[in-house]
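By letter and in written order, the chains are A, B, C and D; residue numbering begins at 1 in each of them.
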Amino acid sequence: MNPVNYLYLAALLFTIGAVGVLVRRNAIVLFMCVELMLNACNLALVTFSRLHGNLDGQIIAFFTMVVAAAEVVVGLAIIVSVFRTRHSASVDDTNLMKL
Amino acid sequence: MTGMTLAAAIPPIPAPHIEYLQLSPMLAVFGAALVGILAEAFVPRRHRYATQIGIALAGLAASFGLILYLALDGYAGSKADLAAMGAVAVDGPSLFLQGVITLVAVVAVLQFAERRLEPRSSTGAPVDSFAPEGAAVPGSDAEKRAATSGHATTEVYPLTMFAVGGMLLFPAASDLLTMFVALEVFSLPLYLLCALARRRRLLSQEAAVKYFLLGAFSSAFFLFGLALVYGYAGSVQLGQIARVVEGQATVTPALANTTGNDALLLIGLAMLGVGLLFKVGAVPFHMWTPDVYQGAPTPVTGFMAAATKVAAFGALLRLLYVAFPGIAWDWRPVLWGVAILTMVAGAIIAVTQTDVKRLLAYSSVAHAGFILTGVIALDRAGLGAVLFYLAAYSFVTLGAFAVVTLVRDADGEATHLSRWAGLGRRSPLLAAVFALFLLAFAGIPLTSGFTGKFAVFQAAAGSGATALVIVGVLSSAVAAFFYIRVIVLMFFSDPRADGPTVAVPSALTGTAIALGAVVTVALGVAPEYFLHLANQASLFVR
Amino acid sequence: MSFPLLTVTAALPAVGAILTAALPAATDTRSRDRNKVVPLAFSLATLVLACVATARFTPGGPRFQLTEYHSWISQFGIGYSLGVDGIAVVLVLLTAVLVPFVMLASWHDADPVVDDRGTFERNRRTQGFFALILAVEAMVVISFEATDVFLFYVFFEAMLIPMYFLIGGFGDRTKGEDAKQRSYAAVKFLLYNLLGGLVMLAAVIGLYTRAHTFDLVSITTALQNGSLHFPPVVENALFLGFMFAFAVKAPLWPLHTWLPNAMGEATAGVAVLITAVVDKVGTYAMLRFCLNLFPEASKTFAPAILVLSVISILYGALLAVGQKDIKRLVAYASISHFGFIILGIFALTSQGQSGAALYMVNHGVSTAAWLLVAGFLMSRRGSRLIADYGGVQKVAPVLAGTFLVGGLAILSLPGLGPFVSEFLVLVGTFERYPALGIVATAGIVLAALYVLVLYQRTMTGPVKAGNEGVKDLKARELVVVAPLIAMLLVLGIYPKPIADIVNPSVNQTLSQVGRTDPAPHVVNAIGGGQ
Amino acid sequence: MDNLIPVLVAVPLLGAALLLCGGRRLDRVGHLLGTFLAFASFGVGLALFFSMLGRSVDQRPIHDHLFTWIPVNGFQAEVGFQLDQLSMTFVLLITGVGSLIHLYSIGYMAHDEKRRRFFGYLNLFLAAMLLLVLADNYLLLYVGWEGVGLASYLLIGFWQHKPSAATAAKKAFLVNRVGDVGLSIAVMLMFTTFGTFAFTPVFADASKATQATQATLTGIGLMLLLAACGKSAQVPLQSWLGDAMEGPTPVSALIHAATMVTAGVYLITRSSAIFNQAPTAQLATVVVGAVTLLFGAIVGCAKDDIKKALAGSTMSQIGYMVLAAGLGPIGYVFAIMHLVTHGFFKAGLFLGAGSVMHGMNDEVDMRKYGGLAKYMKWTTVTFGLGYLAIIGVPPFSGFYTKDKIIEAAFGHGGTEGWILGTCAVIGAAVTAFYMTRVMLMTFFGEKRWADDADGHQPHPHESPKIMVIPMVLLAVGSVAGGFLFNWNDSFVRWLSPVTGVAEGNPPLNPTVIQILTGVVLVLGVAVAWMMYGRRPVPATPPLGSLLTRAARRDLLQDDFNHVVLVSGGSHLTRFLVYLEGKGLDGLVNGIAALVGGTSGRVRKIQNGYVRSYALSMFGGALVLAVTTLLMRAVA
């Protein structure tokens, strides 16, 4: 199978993730979409690693996972504290500041 | 099937060689952060404040000292080289920006430590501007308990240290992966810091959510860009990317295959750009700035506005100057558009702002545009100019936000501009200092803002970007309008009877403001030495 | 190293400004007056230094004299280089002369209001006012002395700040509720000039990218020996950038509209400072920088600028006639006069330029005399509306008389200074552009009209209600007015010493531009004069 | 001896400075000091005169260079004096008549609280006028020219508390300024043409005029004429003179009759070398003169205000002089001769009028006079002698001088000569008419006195001696001047070295012209007698014919000025003020509003929703990617 197809898949996943960020309201879902984007990147990295025949891409993918995990920690902390304050996870409710 | 052959073809991974001395400034700060966490765990609550401040300042001082040592030892010039297997560049721009960031961080820590502005807690303990307990729901009993028992979120200091460490690494990162990690390392603590305001916690949390979501979103773009560029060049090392882009690398068949597809490179660069332009606050990636600047605790805003901008521009410079000068023809016009849009939109939207922190946020957007004109120059003059501008701008920004923390009423800081009317009559010295910062923002001669603006515009003009200079000049005029509006308000409007009071700060904030003012005037009147320094430092290693 | 006379001349008022601002706040009227003596003393000391500089200047000697040089920002070829030619030294002297008078005339303008209970408002407002005046003086002086384009630019811009506070912070307190108007005027002043300055900044940068230095002498030398050459498009663009800033400052029609607001709202003393001192930097800079740096572009644009100047002359005068407010009237009159000055500069004849240089001096002195007396009148009555006055000469003959003399100077009566310069400007223009010269000459009728109409409405006729109590000039005010009038007479009757200082510099400028005076059509068979 | 010339100017200038700056201390002696200095100046003038007489004709003009005034390369303005026969004539006239009027003013202004200032202004006038006639170049002349304008302004508006006086003063200055523009331009033209504006070189060059410079000379001539029109109240710049009568009567006598208003004639005569080479300018000059002499005469007929009637007469008489000066060498001498005799008799007439007013509670309306001869004998006699002189009854001075001008006008030759001559003759008739009218209405007929504004009954009485003496002396001059000047052609011989002289070519025998003039004179007197001597004069003026009504309003010149200049000007000004506010400022404010409006709209994008921020980023990312790709595609 042509590895380029994995790239197309990665691009597709990335776009789905991005569009998800744009259209979903729940902060958790939003955040998961971001994670999807990161994983799309991982897929691309691994594919390129395969294409180039070096391991850099794969190693980077591990780094990405770690970073994503860290993001989850911070992100969930923030989202949860907001949820506890507002009893809502909708990002459209947090718009006190504008203009 | 092919797995086996691949594995055989891959040489063993050598143990990395780490130049600890060159990395020591970052290590010092990260070390301080780790020690801080330990202190958080083991030091009794009542000693934590002093301990944490001590640790943070010691870490920063050590870091600054090491930076100075490295710079004097020639690492800014002849000895400049890549460290840690080509992941970190220790060269002029790195050291210069790291120096600026550590200094900014020192001032920021001083402001974080300010405990004289907020009214004392019921136990009589002085409190700072951070939430007593970040996890407690605003308005809940838990929060009240935390407040009355004099809790303080001393975690901010280790968090800050992590952020500073990331920021030190960011402009020095010489491969895209390090850059990405640094980006996250300094972003994540900042998201948390944003959420920790003592007053107006809803706004603070909202700022954190917005900052976090958008930040994560932009990191994803950055990572995607990283992947594409890696795909194109087969490496994330900036120097190697440059060699591939310029066609100087040894061409393997795989490389020949991927470099045939320029779209990979161009889209990759664009995506990397999104990540960095988000951090510098360029239009149209700026929209988080006003909300986050407004909602975050003001000392954090000041720190963020100053240090993030320095770090992010450092990374942007390195990326564009080291990895992609070969395709400058492709990205420069795009960056032109971004710069123009940023300058104009920042200046114009700021005109109708009514909150002083949002005003400063939009002003920072406009300034990002001005700095971009220097970035576009793509020569040593441009690099030197941007370095200088960043140094000058960060101290003005710190000073300005420090002043904002002092103007208070019963609800905390009085940030609505109408509350500032007549401040010049009530507290002429403070108003005069703030006016000085505003004039520096506006780029009036004899302030650092003018020198910086002159330097970047001069570099841009020197590289033939006359149109940018003209747009820059015109948007400066628009920008001047709203800075002056604030001055008018402070000096020529009648004070309101129920107007805010000006708190008398401790030496901590006082030092921050004074330092800001002194640097502003010094870089305006006698900029020769610093310009020299910036110019000396303006050579990337690759 | 020789004594840095020019630096000290500029630094003295700056030091004075800082000292004055740092004096302890006044606690009563006595200590307040003491606080005012300090700035006055500094301004007088500056005057002494300016006189010394003028005396040490050798007319016809090297182009720039008393030069000083220190490297400042070597990265951009910026030096702290000072030097004066004849025109500059005369303008420094003018500034130094006028500032003490402005201070003396504004002695009580910034006094804090004593409330109903007679308690003394204890603050630094009063000394702030005088400190700002000194700051302006320092910046104006160094602008005149700078022979480095960047150095000039820095102070050209920086002086906006103290001026801005002088206009906005100490406006006409006779119209208490109009603080809005006042701050509008201050902002308008600042924004106009800032915009001009920013456009100039672009040109300054452009100049550097071509010349790689900011040193006026190096650039002019390079231009002359051909080692530096601007392509016409570049030169024109740079010229326009510089000229725009100077035309805002000067101000030239149609960029003048900030002046009436600013002068209308400021105190009379500050208004004098604006029009007689600060705005001179604009016209001076045209002579010094536009012509010397961009000789070809100057020639290209001269006709257009001359037309604008003539429009300024007539337009300013016509609008002056239509004003209801004394200070605005003076402002429009100044616009008309600046038209003459710019006309003289860009006629590119030695008569025109010498006339323009003298005009700067004469306009300074005459406007000071006229407006300060008007200020004395306005301070007595608390109104600046012409309609509120009438028949003042009956109750205050000396005030009326000095006001008339000032007005006569403004309308360029022969025997008083302005006539000399105005005639030179007209002759200089006529030589090269007869039609413009003739149209501009019509301006002298309009000048008579606005001066005499103002005099008639305020001073003559039966004493208008409310004017009965107007007191005649006090000793302090006479001390201000009498020397100014004496100067006007000296400048009108024996301007030769100043002309002798100015002429060589004008000739040098013209040779840089590459223009010579047109020869008389008929070669004189007898030989000039008697 | 000869370096006394500056003293001549300095003495009255010193007086002016002392009196104006001296303050109240000098109030008691100010008038005496001023008068003394005027006489001192006259004394110096006489000394210079006799010194001049003692020299041979070609040695008479003397120069005195004081200092360099404005040196700018080729432009060298000097302060230097030139005293030749022409200047000398004026010096004596100015200081002589001036001194007498100072004397008269001591009495006339005795009760004015600002008397010191009045004498200061008079001294200032003397200084400026002397400077005007003594200057050796046009620029210095210009100084004197505007100086007398200033003095005139100050003196017309001397009673500033009267709005009419203040307005009249302003008007005089403004109209004069229009003329001054002419003088300015003339000087500029001279400078650009000859490289100098000093008399001697300019005249030397002008006389060598070529075809090419003739146009320039014509231009200079016309500009000088414009200047002369302003100062000498010639059509079209005559409108200020009537109003100038608001000034105290001695001022009207000295400035607005005898001396200052004749400066235009001096200027033209002085510039004879230029005018001789510029026939077009000369033609314009004679036209102006002829028109004005009729204009002034007609206005003089209709005025009931004694001073305004005399002002019309002044205008008319100066019209004669300008006419003569425009005729070229055949007229210059006679212009000046008439100027001098006019100085005597018109000053005398004005002083007489002042004396009448003095006795009539400052009433000026002749319809409220009548029968004053009985009460003011000296005044009647001196006024009468002046009257006879002005209408040209032989052997009074006006006869000699005016007749010469009429002859010269005919002598111009051709159709023009006929026209000019006829105008001059008609003017003589009208002069006879209106002067007789003044004489009859004032001194003869029945009393028509009315109470003044304060209800005081006038008690006509003769003026004090100090006022009568100057009147007598001037009357002597009016009687004898013409005869003396004409005796043995003394005046022609005296002046011709400066102005040149030529014989006219009259189509009629001079005797015929004299007879003709005599006849019309009698006719004028007779008509006046019919209208004002035989019938009682109504106290309120009859409506009169259209011409009369127009003449009463200065032949509608003021109305014209009002409609076209004043109201047109104020409309223009108002329009410009509006334009300034709405146009220029509006434009700037509009830009500011545009920025503000844009800002207000654009900031709405910042709607607070994190997802739309993300959208903006996403869009931005797309645009960034696409444009980067496009850049490659384009390149």
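Details
The definition used in the following text is that a contact is a pair of C-beta atoms (placed from the backbone, for glycine too) under 8 Å apart; a residue touches a chain by one contact, two chains touch by 3 or more.
Since we're looking at a predicted model, the values are computed, not measured.
Put simply, the chain closest to the centre of the protein, by Cα centroids, is C. If you average the CA atoms of chain B and of chain C, the two centres end up 45 Å from each other. Distance between chain B and chain D, defined via averaged C-alpha coordinates, is recorded as 79 Å.
Taking each chain's centre as the mean of its C-alpha atoms, chain A lies 65 Å from chain C. The mean-CA centres of chain A and chain D are about 96 angstrom from one another, to the nearest whole unit. For chain D, residues touching at least two other chains, in rising order: 603, 606, 608, 610, 614. Within chain B, residues 209-210, 213, 217, 221, 290-291, 481 each touch two or more of the remaining chains. Every pair of chains that touch is listed here: A-B, A-D, B-C, B-D, C-D.
Across the interface of their complex, chain A is touched by residues 6, 9-10, 13, 134-135, 137-138, 177, 180-181, 184, 188, 191-192, 195, 201-203, 205-210, 212-213, 216-217, 219-221, 223-224, 226-228, 230-231, 234-236, 252, 254-255, 257-258, 290-291, 294-295 of chain B.
By the touch rule above, chain D contacts chain C in their complex via residues 20, 63, 65, 67-76, 78, 80, 136-137, 139, 142-143, 145-147, 150, 153, 157, 160-163, 165-167, 169-170, 173-174, 177-178, 180-181, 184-185, 187-189, 191-196, 198, 200-201, 204-205, 208, 212-213, 216, 569-570, 572-574, 576-577, 580, 584-585, 588. Those residues of chain C lying in contact with chain B across their complex are 71-76, 124, 153-155, 157-158, 160-161, 164-165, 168-169, 179, 182-183, 186-187, 190-191, 194-195, 198-199, 201-202, 205-206, 208-209.
Listed in rising order, the residues of chain A touching chain D in the complex are 18, 21-23, 25, 30, 91-92, 94-99.
Across the complex, chain D is touched by residues 192, 254, 257, 315, 318-319, 321-323, 350-351, 354-355, 391, 393-394, 401, 408, 413-415, 419-420, 423-424, 426-427, 430-431, 434, 437-438, 441-442, 444-445, 448-449, 452-453, 455-456, 459-463, 493-496, 499-500, 503, 506-507, 517-530 of chain C.
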